[in-house]
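Chain nomenclature is as follows: A, B, C and D, assigned in order of appearance, with residue numbering initiated at 1 for each chain independently.
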Amino acid sequence: MAKSKFEYVRTFEKEDRCLQNCWIVVRVDGKAFHKFSEMHEFEKPNDVRGLKLMTRSAANVMCEFRDIVIAFGHSDEYSFVFRKDTSLFNRRGEKLMSLVSSLFSSSYVFFWNDYFTQKKLLYAPSFDARIVLYPTDDNLRDYMSWRQADVHVNNLYNTCFWSLVNKGGLTNSEAEKTLRGTLASQKNEILFQEFKINYNNEPEMYRKGTTLIRKLMKFPNENESRLVICPYYGDIIKNKFWEENTEILSMKSAPTELYTEHIEFYEGKNKISLCK
Amino acid sequence: MAKSKFEYVRTFEKEDRCLQNCWIVVRVDGKAFHKFSEMHEFEKPNDVRGLKLMTRSAANVMCEFRDIVIAFGHSDEYSFVFRKDTSLFNRRGEKLMSLVSSLFSSSYVFFWNDYFTQKKLLYAPSFDARIVLYPTDDNLRDYMSWRQADVHVNNLYNTCFWSLVNKGGLTNSEAEKTLRGTLASQKNEILFQEFKINYNNEPEMYRKGTTLIRKLMKFPNENESRLVICPYYGDIIKNKFWEENTEILSMKSAPTELYTEHIEFYEGKNKISLCK
Amino acid sequence: MAKSKFEYVRTFEKEDRCLQNCWIVVRVDGKAFHKFSEMHEFEKPNDVRGLKLMTRSAANVMCEFRDIVIAFGHSDEYSFVFRKDTSLFNRRGEKLMSLVSSLFSSSYVFFWNDYFTQKKLLYAPSFDARIVLYPTDDNLRDYMSWRQADVHVNNLYNTCFWSLVNKGGLTNSEAEKTLRGTLASQKNEILFQEFKINYNNEPEMYRKGTTLIRKLMKFPNENESRLVICPYYGDIIKNKFWEENTEILSMKSAPTELYTEHIEFYEGKNKISLCK
Amino acid sequence: MAKSKFEYVRTFEKEDRCLQNCWIVVRVDGKAFHKFSEMHEFEKPNDVRGLKLMTRSAANVMCEFRDIVIAFGHSDEYSFVFRKDTSLFNRRGEKLMSLVSSLFSSSYVFFWNDYFTQKKLLYAPSFDARIVLYPTDDNLRDYMSWRQADVHVNNLYNTCFWSLVNKGGLTNSEAEKTLRGTLASQKNEILFQEFKINYNNEPEMYRKGTTLIRKLMKFPNENESRLVICPYYGDIIKNKFWEENTEILSMKSAPTELYTEHIEFYEGKNKISLCK
């Protein structure tokens, strides 16, 4: 049959198994989201609909891939951490990375109308992905800290910038010039003196990003606890978070019996059914 | 600043540039599409809405990445070929692969309603991706031939299988047993004898898959020709196709001046505007 | 100049940095040493000259690459462990692997006459190399244990095999047939019953392989201690060895001030000057 | 048995097969040969003993690995080209690279006394290796041209430099300063005006490096032709060499019947038996 003659081309494929016993991080990042957010008139510096849509999409990814133990996102990026000993897809990097970016992206479009009820999606957005391995728990925590520290730096800047533009009446380039080279303390001062904004009172979701973890929760009118995916908006750099959620780093394998039916995404008082 | 202390984690990222002077193929493949097509009641063996949605999504990918010179798809998979000398994203495999799978997936959801007008999308589907390098034009043509030969094998089987089930009243497992070990000639015979189907008269899109290429076309009421993405449903194994479309393998760099405004996807008599 | 026109070929080189914060193991392994040992009339099952030459060559490698914290070898193989945080050659795997196999091989020829005083080297032998990363100390210890357990298995078999052949008068294939499927206990029994050999009294170097470590030693007539490379023939599977030599896993960076002049290889009472 | 418990560590090994249908180039390069050549009092700018020893070692590598179709070297480096379709060691890069660097290095020591008859080898030298893939014949030829162009650039400089030092009485740094920024034409002029050296009359081996190829040769008193490895000192940048030796690029698989006994290295009138 004709097939066999050409099938040799499969031998050109490359195996790319991730090194064993390492944390596997896949980070997705919006492509050209500056333009995307402008065209869809995102509120500045933070659009709560956009952030929640990102988190909704991320929760969908966690729901599908139960070896993801924690996720963290802000702005147009999200990081997903597969547990050290996952054998999902035989640890093939291409599979893990492409499926995360694919499902995240399709979810973003799928759930768009739930968050942007007044705004039609104009075109299909895309997210690139990268995959990084971290050998130790400390390396992983430093990775998470790096991303959260990044939120702080960017959000403080953006809060200042858009205050200067939206409330202060500066042009974009004037605002940029005003902020060039300023320290964090000076940005805090500008916010407070000129706009009466105490940066520390800004919503935690803006200042700290969103961390998604799995928690075993007891719901009213239900006999048994169930694992749900919960957003957390606090600090993940200090030890406290990790001491209070030791299962994140120690969970050896996901307790499948706790997922009897489907998984839920629990945000505040609302439960949102995630899986099909 | 806190940032710098953690930033060392970036050094754990790995560069993955594709070998120079090789064709770069990215193939996306639907995850669990057996279940997906059942839940969305796809017609069997071929759902023309589903196939066109795949091609629509693929055209969107080609529109975004102008270094893709040809694409080929059938069923729930699509292959995209970046030209040998592309320097897109510095030939980083992760970027190319994840962005193709991301944009394909988000497009699939975005355009769903245009094709499945009567059927609501129930959940976000996903597509994995892999990346393969081919050093020579012959290797690349053999790859394309391999995929098209695969369409033939699968579609002949599926046409038989679903005729036996839908028209012959067999159960799935009875149909499977009937076809086990049969040659192509025997399958043709079953189709013809039992169901009066001449397999060669089945639509080409089913038998040969869809090939997407870029053609310079002259449109009525327009002075200048423009490059559009066109579907082709014929043979790409024999020399004829490649001799009639020599620019596919020889195009050194995309003639950007021909894309002055946006690109169009031309199917039969209809032009569909693709880009934003 | 002609040079520049061709220099683009450098861009085809691939970077291959080893993942940070992992132990880097390079293992060399003799190519076709069955034939080599026959042609050079190695004593069976163990040729003490050959084993010492291997260790001498390994010590030379450790002398050159001070980020190697431990080495282990037996028969025609040797493993070298670079410390987790080495930045030698920017952690480029090709460099580390090729230089270890190169220096080991050239040393083997260079020192041949010191050990095989009566036997001329007939041709240049070669050793392949592989490089493996281990994220944790436990993984590394398991690697070392794997190699030492292998020595035990192979040496018990070989001791039996060659006793049956050399003392028992069996042919090679008769000896092989006799041993096929036997357990360790049965091999011990054969040795004891038929040849009055208590396997546990065999030299440790044969039963446990050779471990090379760096120890700070005080020599007579010298004021200051100096680091020397020492062979150790005992167990490295149990905790004892690692508890008594905690510096192997914990040494963050080699204390260069201790290498003021050159390094020495200390075997029993003899010091052998290694470096130039 | 203890073995099995640890054997999981093998799963940390990485497969590294070279892309199919590409030329595989392994280049070895002396480590710290500046110091090595000083300590062994190499003649400057070219030591004919050293160059011949390099070539002798390279011929030994070609003798062992019959899928090497051509080699090229000068100074302290040598490149080996494995044919496109080699399946040696299943195209595993680590194996190919480490064995070439190993055998080259052990051969260098093994044959030292044949060339440096008056000079004892003081220590074991080492050579690093790298592996590079080239998809097309043109890429490969450009690689070879790059290396030969490099010989020209380096040797012209070195011939000038050492003339200024050895005959002109300049110190090293004075010579360096004199040559800084000079064009090739100016260096030719210095050589001719000050030292009556017509650079083009310098030995070809110095100016063009050494190319090793396999040629079928007829020897006196022998009935059948045999394949021998021959050094060639001419130009390999122009087409002529490749047109006269078309078998280099076209040879699909080595004609093993021509190697009935062993291979010979043929230099001028002398045959040197290479293999064991």
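Just so it is clear, contacts are C-beta pairs under 8 Å (C-beta built on N, C-alpha and C of every residue); 3 or more make two chains touch, one makes a residue touch a chain.
Here is each chain with its UniProt name: A, B, C, D = tRNA(His) guanylyltransferase.
Here the structure is a predicted model, which is why all the values come from computation and not from measurement.
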| item | value |
| --- | --- |
| Superposing rotation of subunit B (tRNA(His) guanylyltransferase) relative to subunit C (tRNA(His) guanylyltransferase), computed on C-alpha atoms, to nearest 5° | 180 |
| Furthest chain, CA centroid comparison against subunit A (tRNA(His) guanylyltransferase) | D |
| Length of the line joining the C-alpha centres of subunit A (tRNA(His) guanylyltransferase) and subunit D (tRNA(His) guanylyltransferase), rounded to whole Å | 53 |
| Inter-centroid spacing, subunit D (tRNA(His) guanylyltransferase) versus subunit C (tRNA(His) guanylyltransferase) (mean Cα positions, whole Å) | 30 |
| Shared interface positions of subunit C (tRNA(His) guanylyltransferase), touching two or more other chains | 12, 14, 19-21, 133-134, 139 |
| Complex contacts: residues of subunit C (tRNA(His) guanylyltransferase) adjacent to subunit D (tRNA(His) guanylyltransferase) | 1-3, 6-10, 12-14, 28, 31, 39, 60, 64, 94-95, 97-99, 101-111, 121-134, 139, 142-143, 145-146, 149-150, 152-153, 184, 237, 276 |
| Contact footprint of subunit A (tRNA(His) guanylyltransferase) on subunit D (tRNA(His) guanylyltransferase) as seen in their complex | 11-12, 14-15, 17, 19-21 |
| Residue numbers on subunit A (tRNA(His) guanylyltransferase) that touch subunit C (tRNA(His) guanylyltransferase), as the complex places them | 19-22, 133-136, 139 |
